[in-house]
Amino acid sequence: MDNATVVTHPHTHETAVAAEHEHVALPQHRHHFETPEQQREAGTFGMWLFLLTEIMFFGGLFFAYLLYRNWYNPAFVAASNQLSIPLGAANTAILISSGFFMALGVWAAEVRKKGLLVIFLVLTTLFGVAFLGIKYVEYHEKWEKHHIPGASFDVSEFVNPHAYGLKEQPLAPDMAQKTQVFFFLYFAMTGMHALHMIIGIVLLFWLTWRANRGEFSAGYVAPIENFGLYWHFVDIVWLFLFPLLYLINRHPV
Amino acid sequence: MSATHTILNLPDQRTATLPKRTYLNNEDGLLSWLFTGDHKRIAMLYLISITFFFFIGGAFAGLIRLELLTPQPDLVAADTYNKFFSMHGIIMIFLFLVPSVPATLGNFLIPIMVGTKDLAFPKINLLSWYLYWIGGIFTLAALVLGGVDTGWTFTTPLSTHYLNTHVVTAATGVFIIGFSSIFTGLNFIVTIHRMRAPGMTWFRMPLFCWSNYAASILMVLGTPVLAITLVLVALERLVGIGVFDPTKGGDPLLFQHLFWFYSHPAVYIMILPGMGVISEVISTFSRKRVFGYTAVAFSSVAIALFGFFVWAHHMFIMGVSNYSALVFSLLTMLVAVPSAIKIFNWAFTLQKGSITFETPMLYAFGFLGLFTIGGMTGVFLGALGMDIHLTETYFIVAHFHFVMVGGMLMAFLAGIHFWWPKMTGRMYPESLSKLAAVTTFIGFNLTFLPQFILGYLGMPRRYHAYPPEFQVLNVLSTAGATVLGVGYMLPLLYLAWSLKYGAIAGNNPWQATGLEWQIQSPPLTENFIEIPIVDHEAYDYEWLEHKTAHEVTTVG
Amino acid sequence: MHISPVLWQFLVKWLNASALFPREASTIAPYADALYFFLLLITVIGLTLVGILIFGFSIRYRKEKHPVAIQVEGSTLLEATWTIIPLALFLIVFVWGALLYFRIYNPPTNAMNIYIVGKQWMWKAEHPGGQHEINALHVPTGRNVQLTMISQDVFHSFSIPDFRVKREVIPGRYSTVWFNATTPGTYHIFCTQYCGTNHSVMIGEVTALSPDDYQKWTQESTSGMSLAQNGERLFASMGCNACHSGSAAARGPNLAGVYGSKLQLTSGSQVLVNDAYLRDAILNPSQHITAGYAPIMPTYQGQISEDGLIDLVEYIKSMQSNYRVQQTLTTSESNQAAPTTPGVVKP
Amino acid sequence: MTEYHDPSNVVNPEHSDHHIVTPVTYAIVFVSLLVGTAITVVAAYIDLGIFNPVVALAIACTKAVIVILFFMHVKYQSKLVKLTVGAGFFTFLVLITMTLTDYVSRAWGLWS
């Protein structure tokens, strides 16, 4: 391996662990990188660039939301009030917990504790699945109330809320139609988020399996780290989605 | 210094032999190509792929010009014609122009130029090629299943509610190609930041790396917006949810904003790498460092940065507010300046040089002339009041063909000829290729100059039939397209011929200074036997002379 | 030359019939052409400059003459020159272009108004006097003509190259353009925004007539009912007059004289009542509730065509008093009250 | 630097050391995120006028910054990564503000 001949640089690492893996030729080290350090930094940087594309990807949706929320504010308020805050808040907490365990997983990999790493990854997965489960319950409710945009969309609940036992102001028919725009954005944004979660969970299964074989407890932690970045990014998207979609004008009118 | 050290000698070319072991014969078999991680092999795969799509797109261009030979709609039916220009646009832009220089020359050269063994993520690089093909197959499927007639711009609500062609298939194709482009850009950025050889500082990098770096930033930040826009178009079409549908409260202009947020920077994605090629070629054949290296380098980055601020100039007459139009017009004028800087810097690179006129140089001269016209006519369109009359006419068609074909394609051909010896180890036939360069230039001008006049006369773009008084100019344009077609067929033939029969090139036939010319051609799979330590500036011809002299003495 | 006389004649005719420069047929055209020639001039100068530099250097410093290159790093002075001069030129172009833009898109207040409805694949022109045209437009010379345009389906673009005016015709929103034709004659109308299969047949002709001829034309081609009259009939048949009766107890605001006024909305903002506002208030009433009224008006989205909306808008614009509204209310068969003329094309 | 062989980029300003964040830090971050969530829900029920969305977004941004800095280790990363994150949000803001110039100014002259 070419990194064996590398001149050792005068730099010393703060932690013994890091310094140790510096000089070990890892099997995962790819030939075109001169040092594992270079490989790790390239990996992190690449992952961040990928997350940049994700920011812009969701950015388009966020702008559409911003525009229509301003144009059709009463419809957005009324439709938003149909979402369940307890479920949304619970999901936020669940997702934060999932992210917390992911962060702990990265730590466990860095200090080379295989058992802990596997446990944390499993916990991350469990919380992720729980999030999707609650999301399914919410989606199902929308399905039953005909709040899914499309041919079967029903606005009667917004035109005549008192008949449905709601304490909302009734919307004029033309404004009530615009609730469909809200629900479309709701489904597009949370759906896109859920899709990212599903991809993440599939990756988590794979990573857990590899972690269980001890691949990440010998100093090679890049996949765990980079997946962690992805997972936290998905969290961040939700941190914005929750207030924007669930908490529009909740105070009593 | 004496004249004996100039390009005249080509010292290593006369005695050159093909190296025994190269990236081309390192492994054998189709699978070794399909599963390769080698950036040079992936570049060659890309080169073959984009050539394939270029000629499909070119065939559509030919059919369009043929239909426009007469004012009457006589060759094909209206919707067939619409499918032709839609396919021409989609294929040429997403499958040819966007990946053209970055994915072929960039892939091949950037790792060598910065002095490393491969791109940072070889597997992602290969994945990018596969995504390109999956996207390409979706596009071809849309074509084979019956075509798509949205135009490459997918304008809503036409694309979402009024057409019954394969819009979703084509949009899926473009969506996937977008990711291919993102991965290429991402790889370049990481490689240039993280993998430079010792001593290869930012300001020692060849300008080709700078311009590809700038284009990569645009790819990474712009493409995802196109992706989400196409997702919304597909959803609107499939479910009918109304974000872009005015009858349901949506704003069709929102689509335009999101679409052009990518598609204007995409223009710079296409042209910037071409500018990089021109810098290399002009410097090499005038034996001189690029005039104002730093200015050229920074102008690339400036174009990339400003490129994100000007998209609404595609929408001046589409109902954006007048105040917003003012802002965007002003910013458009600013983005024109870096391009002007580049042109003059290239021109002054020639000053006090020692100029030779090999084929790449001829293409580069063509580029300078045509890009000047293309750029200046861009100013016509950026000026608010002028844009009203000119937009959506043949003027705009001529303008972007001057930039894209006259600029980018000329640069691409310059680059292909320039690095052909490095990529294949063999020279192209010089006189034939000069003929091709001149033919292309003449054919191009004959095709597209009449279109400026047509545009000012008001002939709208995407017209299947037109009033008879426009015929003379259209006939000229079609005649030019024929010449242009010949100009493009020639390189395909003689470059293929040269693979077997071309003269052996040797390591450095042009006596150029880039790191890629200091290694064998074709290069080894790992590029460098040992990682070079860079101790000279880019385009340092005196360094090269010393090095060559030194080599001669040691060998002798 | 042994070119056959027939072929020669054909060639001459062909070349004579072809155009190289569009006619200048509106007051705006000379302004647009002036900027165009200025831009052409700086393009030619720039191109010549680049050409002289390239060919000059290529001849002067070709290898045969200049075998050894002299390395030059760059020159801040030169680079500043070719940064600042283009920038200055482009800024001049920007200001000039902006002035032209506002000249074309800010209609003068005294312009006569014609409505244009674009649909796949035809142009409908509706004159206030009730003349309807398809793929044709008759205008008088020497008068400011404003076009208020809307699309029924997709984006179209209304372009008259000889007038140098063009504007996108947008679904769901009025857009305007104006011109003042100078020379009688016929000129092309093109749809320049790609709008589907028959995009290239969405063309028409604008006929500029001298004021006398125009007068004659209006009288000959009238359908017998002006837009406002059509609107009045619609106003009654759709039941608008039930609420907008103008009486003090009415459930809807008084519409007489509302056009051009500033209206106080329940949202607290003030809005200028123009064509676009009236149209939107019919389709999306809840966003435009006049202060003091309840949001009870139903939406007419999907129940009324763009032509019908134009009739209504034109009617409300012309309303000076509520006398006729109240008249129609008291007539039980208000629908037949308005005269019907054979040949009226109603959507 | 030119002569010196520096494959790991250690003297490169774009380089930073590999820093291991401790579970204690993570726990503090975790708790503060939960608290932030609670505050944002409570704030939604209080009528603050136009400040409701402002508060909600401010809290969301704070939480996002905390996640980025600690969970995603940006605080301990090189300038390059910090710049990259900044560039992403900058471009997002360009998209929003430049598009808004159109939407905001469309009604100018009609509204007073």
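A few points about this structure:
Residue numbering begins at 1 within each chain, and the chains themselves are lettered A, B, C and D in the order written.
Operating definition for what follows: contacts are C-beta pairs under 8 Å (C-beta built on N, C-alpha and C of every residue); 3 or more make two chains touch, one makes a residue touch a chain.
Quantities reported herein were computed from a predicted structural model and do not represent experimental measurements.
Geometrically, the chain at the heart of the complex, using CA-atom means, is B. Taking A-C and A-D together, the chain pair joined by more C-beta contacts is A-D.
Chain D has its Cα centroid 45 Å from the Cα centroid of chain C. With centres set at the average Cα position, the gap from chain A to chain C is 47 Å. Rounded to whole angstrom units, the spacing between the C-alpha centres of chain A and chain D is 15.
Distance between chain centres (mean CA atoms), chain B to chain C: 37 Å.
Multi-chain contact residues, meaning those touching two or more other chains, occur in chain A at positions 34, 38, 41, 45, 49, 52, 55-56, 59-60, 63, 67, 177. Looking at chain C, one finds that residues 284, 301 touch two or more other chains. Multi-chain contact residues of chain B, defined as those touching 2 or more other chains: 193-194, 221, 225, 249, 253, 261, 322, 531. Interface residues of chain C, counted against chain B in their complex, comprise 14-15, 17-22, 31-32, 35-36, 39, 42-43, 46-47, 50-51, 53-54, 57-58, 61-63, 66-75, 78-79, 82-83, 86-87, 90-91, 93-94, 96-105, 120, 153-155, 157, 159, 161-162, 164-168, 170-173, 175, 188, 190-201, 203, 284, 301-302. Listing the residues of chain B that touch chain D in their complex gives 193-194, 198-199, 201, 217, 221, 225, 253, 257, 261, 308-309, 311-312, 320-324, 327-328, 531, 533-535. Touching chain D in their complex are the following residues of chain A: 3, 6-7, 9, 11, 13-15, 17-18, 34-35, 37-38, 40-41, 44-45, 48-49, 51-52, 55-56, 59-60, 62-63, 66-67, 70, 85, 89, 92-93, 96-97, 99-100, 102-104, 106-107, 110-111, 225, 228-229, 232-233, 235-236, 239-240, 242-244, 247-252. Per the touch definition, chain A reaches chain B in the complex via residues 30-34, 38, 41-42, 45-46, 49-50, 52-61, 63-64, 67-68, 71-72, 149-151, 177-178, 180-181, 184-185, 188, 192. Those residues of chain D lying in contact with chain A across their complex are 5-11, 15, 17-23, 26-27, 29-30, 33-34, 37, 40-41, 44-48, 52-53, 56-57, 59-60, 63-64, 67-68, 70-73, 77-78, 80-81, 84-85, 87-89, 91-92, 95-96, 99-100, 103.
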